[in-house]
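In the two complexes that follow, chain A is the common piece, with chain B as its partner first and chain C second.
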Partner chain A sequence: MSEYIIKNGHVFDPVQGIKGDKKDIAIKDGKIVDKVGSGAKVIDASGKTVMAGAVEIHAHIAGPKVNLGRIYRPEDKLFSCTPTKGMERMGGGASIPTTFKTGYEYAKMGYTTAMEAAMPPMFSRHVHEEIRDTPIIDEGAFPVFGNNWFVLEYLKNHEIENTAAYIAWMLRVTKGYAVKVVNPGGTEAWAWGLNCLSVNDPVPYFDITPAEIVKGLIEANEYLGLPHSMHIHPNNLGNPGCYQTTLDTLALAKGMKANNKFGRETVMHLTHSQFHSYKGTNWGDFESGAKEITDYVNQNKNITIDTGNVTLDETTTMTADGPFEHHLTGLNNLKWANCDVELETAAGVVPYIYSPNISVCAIQWAIGMEIPLMMKDPMRCYITTDHPNAGPFTRYPRVIKWLMSKKARDTQINAFKHKDKVLSQTSIGSIDKELSLYELAQMTRAGPARTLGLANMCGGLKPGMDADVAVYNFNPDKPVANPDDIETAFSRCAYTFKSGVEVVRNGEIVNNGHKRTLWVNVKVNDNPQVMRDINEKFIKYYSMTQNNYEALGHHFVPNPYALEVDATHV
Partner chain B sequence: METVTITMKNPPALYLEADNVSPDAFAGKTEAQIAELSVHEGNTTTTLGKYFEVSGNAGATAADTKIIVKGDVKKVKYLGFKMSAGELVIEGSTDLYVGAWMTGGKLLAKGNVEGFAATAMKGGELIIEGNAGNYLGAAYRGDWRGMSGGKILVKGNAGSDVGMYMTGGEMVINGNVDVHLMTHAEGGKTIVKGNASSKVGGQMVDGTIYIFGSIDTMMPGFKPKGEVELEVDGVKATFAHYIGDMGERHKKRKGAIVYANLYKKI
Partner chain C sequence: MTKTVTDVICPFCGTLCDDLEVVVSDDGKQLLEVYNACVIGTEKFLHSQAKDRVTRPRLRQADGTWKEISYDEAADYTAQMLAKAKKPLMYGWSSTNCEAQSVGNEIAEISRACCDNTAAVCHGTTLIAVQDIGLPTCTLGEVKNRADRVIFWGCNPAHAHPRHMSRYSIFPRGFFTGKGQMSRKLIVIDPRVTDTAKMADVHLQIEQGKDYELLNALRVALKGEWLPDVVAGIPKEKIREAADMMKSGRFGIIFFGMGVTQSIGKNHNIDEAIAVTKDLNEYTKFSIMPMRGHYNVTGSGEVFAWQFGFPYSVDLTRGFARYNPGDTSSIDLLNRGEVDAMFTIGSDPGAHFPISAVKHIANVPSVCIDPHLTPTSGVSKLHVPVAFNGVETGGNCYRMDNVPIDCRKVVEPPAGMLTDEQFLVMVRDRLKKLKGAA
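Presenting the complex of A and B:
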């Protein structure tokens, strides 16, 4: 494999504490190394910003609900198609891009690892086929557990060992990466036409509460010692006053300690926190609860969050929170698709327009800005748009611009039709903080990598780590003349390296890389009861056999990378 | 105003997507530059000059530019695509998407046009002297935003799904229309001087339809509200008034419930 040396760039690497020093980064055989030979290809990065490849902790980029969005929104591709060009195959879609466009866009922005945030286990084969067809970036997928019949039955009796054995089986057959929870209990209740809007609402038939599900899944997660923490989309998403449910959910992690060999220090990841930080009692007195949420997370160090920034675009919402999507279609009267996944989960899809002329959308934008600016530890708060729910991931450069420039935020606030309402219902007007490049590297690289249990592999530029490197046309020594220059610089990398392969040069794809599927292989002690339960449920309830369930072999996972976990000792 | 005439000389083997034939794309260009504008034949991108003879230079702006399209353009799509000003005259019949996404200017089609004419039209004027195809003034596939402004006049008949998801603007059809007139509409006005087929105004929540002739089968979701004297497009007559679609959601405007209105001439 080729050797490279990236010379004279301003390096930002929280893993090594490098804050913009001029430093050379050497690459050999796919890894960052101390030095390379004189034959190494020289990349001149003088006057440029050098960071590790960025890590996406939460996006909906592969699988049946993403594809449902693609199928039922042909208008999303209307004026957003790009023809075949050089290494690139044709692509299309603005909020739900094709698999190829997804890979290219991430790589061009300097992202090299991404997590699909909600994999319906029964459709893991479909998820992996799409992951396979998404070039360049390493990907993992989180199977959803929060409404799964096995989990509900085991946790009703607090059977942590059985839950853990089931999770281990599920991660193996679906080639999954982590324990994802979406509206715990609420999506199962949705199958009965109901919902769980608080952590104490009982789930119909199963007679268990969301609180018991969440606590039990954290315990099982730490019992196994998985790389990532339990990753949760709490109950009552998107409703005025939901911040209280969020605080109740966060409190469930109280006293829980991380147990793993991957360097992860936290036990709960609250995703798209913007959607869960609403105060008020209705859409008229709707206001920000960002302070309450970030105060709690700042104090409780076993929790991480991501933002879920509203980007003020037309987009496509999609979530395994089935009842929420039904609620949303009632609010905006746009087309709705719903899918029930047998014993496991459900999903809904509704297009949405975050209009700067609507006060609620503008306040949502402001809350998304407040959260990362109010978080004291950037290693525990990560930038996402919950793609495509709050906006497409292709808008990260714009979100970065807003976070790095008070001037850019003020320009946006002044452009809102209901500017006064935004200023009275949030505290965005009084926040002067501007994110530094080092904090940006913490929020998009080192932080998410550590929480995903990938700290030894990616998110940093320490010798021995994978050579995932992004070089931006951004000179930190020069004052920013126009905030739009930030957006331009982070939109298209000067260079992106993925595992030591130069995949992007001058903003263009030059190599399709060797993308890997990340999954977690957990060894547990034999558990005949759980295996018998699985066999029985397949016979009695599933519409398919186990033979057609597993995502196995070269067709589905052509280039796997398994993180090995041994949980047999417990 | 400067006039550019383009005349079909070498008809394409496949259908030609001529999305650059508009006063906006021609504006400020010379005869030679216009001939170099791109068109798509199948998966091949070529130039307008390969098929059309171009004569005349365009005006400085779209508003100063008039285009006359001559010859057989039955296999040409997207004439007048996204035009915002100026004039376009199509002397013969043409294919899909005439005046699609147009926002202004005047487009005159002297022959027949195929489907999706004036898709998501926002403004301007479209006159079709022959017949129009299906989905006139409708939304793009999957979209919920049909014609929202401007005027359309069809001197002949129109096809099915006319004004689907229409939200504004006005359409007059001198002949007949096929099924699904103004399905899902949330505004706008359509006047049909001839007859309408069945499923008129299905799932319509706002907007107005006038039918001078007959309706094959009324939608059960429309409720009779009596008779009214109206002057519609210069014609004074008595109309039976219906509101609907009762099976749909109902918006409120200034405290009052909004329904779509359907008037049928008696």
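Presenting the complex of A and C:
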């Protein structure tokens, strides 16, 4: 493999504590190294910003509901098609781009690893086919567990060991990465058209509460010692007053300690926290609960969050929170798709237009800004748009602009039709903080990598780590004349390296890389009871046989990278 | 000695049964018996063993006779045909696996083809309706475990999807449906007294072509508003009875087929059927599902969608994907005479397209990739027989509820025969050279 040396760039690397010093980054055999030979190809990064490749912790980029979005929204392709060009396959789609476009867009922005946030286990083969067709970036997928019949039945009796054995089996057959929980209990209730709006609402028939599900899954997660913490989308998303449910959910992690060999210190990841930080009693007195949520997270160090920034675009919402999407279609009257999945989960899809002329949308935007600016530890708060729910991931550069520039935020606030309402219902007007490049690297690289249990592999530029490097046309020594320059710089990398391969040069794809599928292989002690239960459920209740369930073979996971976990000692 | 292969997937209809058992000879070359499959599925497996099967590509000669050629020559012919054409049409894809579809899409992209699948003459109208109004649906196991109201509209699974009712929709005992058939009410809407209709609790024998009216009347009845005495040939009391039956269930499902998608009203019928489902969700839980025909037509739509963004009738001639059914759909392209090369795989337009369109296929350079002799292979210039997918090669397929299931190979194809994917890879590599693509 070629050797490279990236010279004279301003390096920002929280892993080594480098804050913009001029430093050379050497690459050899796909890894960052101390030094390379004189024959190494020199990349001149003087006057540029150098960071590790960014890590996406939560996006919906592959699988059945994403593709349902593509199928049922031809209008999303209008004016967003990209023709075949050089190395690039043709692409299309703004809020739900085709797989090829997804890979290219991430790489062009300097992202090199991404996690598909909700994989219905029964559809894992579909998810992996799309992941295979998403070039360049390494990807993993989180199977959903929060409404799974096995989990509900085991946790009703607090059977942590059985839950853990089931999770281990599921991660293996679906080639999954982590334990994802979406509206615990509520999605199962949705199969009867119902919901669980608080952590104490019992799940119909199964007679268990969301609180018991969440606690049990954290315990099972730490029993196994998985790389990532339990990753949760709590109950009652998106409703005025939902911040209280969120606080109730966060409180379930109290006293829980992380147990793993991957350097992860937290036990719960609260995703798209913006959607869970609403105060008020209706859409009229809707206000921000960002302070309450960030206060709690600041004090409780075993929790991480991501933002879910509203980008003020037309987009396509999609979630395994089936009842929420039904609620949403009642609000905006746009087309509603839903799919209930036997024994496991459900999903819904509804288009949404975040209009700057609607006060609720503008307040949502402001809450998304408040959360990262109020978080004291950037290593525990990550920038996402919950792609495509709050906005497409291609808007990250714009979100970064807003977070790095008070001037840019003010321009946006002044452009809102209901500016006064935004200022009265949130505290965005009084926040002067501007994110530094170092904090940005924490929130988009080192932080998410650590929480995903990938701290030794990516998110930093320490010798020995994967050579995932992004070089931006952004000179931190010069004052920013126009905030839009920030957006321009982070939109297209001067160079992106993925595992030591130069994949982007001057904002163009020059190599399709060697994309890997990340999954977690957990060894557990034999558990005949769980194996018998699985067997029985397939015979009696699934509509397919157990032998056809696994995502097996080259076609689905052509280039796997397994993180090995040994949980047999417990 | 013989061997029994279990958990075999049936490559016939969208029900995609995956519990078949197939007995093969010890050397794995002969397929002897098929268990658990319906009569159509069994025939599909046994047909692969036909002694008179065509096993090599054949090129039509000037005098109308066929000449056997090698796969290399066939791939050369196909690649050159696609390279020369300005607007080739690559149609079919519904009876092959997703791996082959994926390579096919690469070929289409390089040759800037129009690509389309059999949804164009089948559930394409459903897709248009879904794009209008959405789709509340579920997997078939949800029907098995929960459904106490089942509606078949314009479809006859007793004949077209023979195991659908026993595996998923009427007879199985699921988690919340322990009494099987006894726990379900069955409504059938069909102008004919089909074998499915004979089993119904309520059969609404609708006047032909009046589906939209009846669906609309159902919505009115659900809301308890005024109805005329008779709608679509059905007395209003009967409509109200059906509406109340739907409303009073805990979990309902509407299955619909060609009877509504390709009769008068087309996509508007489906619009209204989905609206009925949506309305019912105000009272209880209801889903709706198209009864997809080919075993992997759903998969073709999925692969098109994640690679190009649209589920069928995709036009790549401008170098990016465009979608405009009626303009970019196969029959319309053929009837307007715009197509200058025809590539067919895994389907039979010769049997199902209007004769005007089939005549045009006969007038242009054409290739048909299909294990069978079909009307399409008959009008094509080159016929490339391939291994039976799902019998002689595996590969991923999507069931009618979008659940992917990986097909199994149970026997070896006849010596020297290629699979769809292998042949398409040969074509792609030649085409890349001809076009100088990266």
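Things worth noting here:
We adopt the following convention: the second predicted complex is superposed on the first by the 570 of 570 C-alpha atoms of A that agree within 3 Å, B and C clash if a C-alpha of one lies under 4 Å from a C-alpha of the other, contacts with A are read in each partner's own complex, and residues count from 1 in each chain.
Just so we're on the same page, a residue touches a chain if its C-beta (ideal position, glycine included) is under 8 Å from a C-beta of that chain, and two chains touch if they have at least 3 such contacts.
Everything quoted here is computed from the prediction, not taken from an experiment.
By the touch criterion defined above, A:Arg73 lies against chain B and chain C together after alignment on the C-alpha atoms of chain A.
Of the two partner chains, chain C is the only one touched by A:Arg89; chain B is not. In the superposition on chain A, contact of A:Thr545 is made with chain C only, not with chain B.
Of the two partners chain B and chain C, more residues of chain A are touched by C. In the superposed pair of complexes, A:Pro64 makes contact with chain C only, with no contact to chain B. By the touch criterion stated above, A:Gly464 is placed in contact with neither chain B nor chain C. In the superposed model, A:Lys335 lies in contact with both chain B and chain C. Residues 72-74, 76, 335 of chain A are contacted both by chain B in one complex and by chain C in the other.
Chain A makes touch with chain B in their complex at residues 72-76, 78, 333-335. Residues of chain A touching chain C in their complex: 62, 64, 66-68, 70-74, 76-77, 81-84, 86-87, 89-93, 98-100, 122-123, 125-126, 129-130, 133, 190-193, 205, 326, 329, 335-343, 346, 349-350, 540-545, 547-548, 552-553, 555-556. Looking at the complex, you find that chain B touches chain A at residues 139-144, 249. The touching residues of chain C, when paired with chain A in their complex, are 6-7, 9, 18-19, 98-99, 102, 106, 109, 127, 130-142, 144-146, 167-168, 174-176, 250-251, 278, 281, 284-285, 287, 301-303, 305-311, 316, 318-323, 395-396, 398, 402-406, 438.
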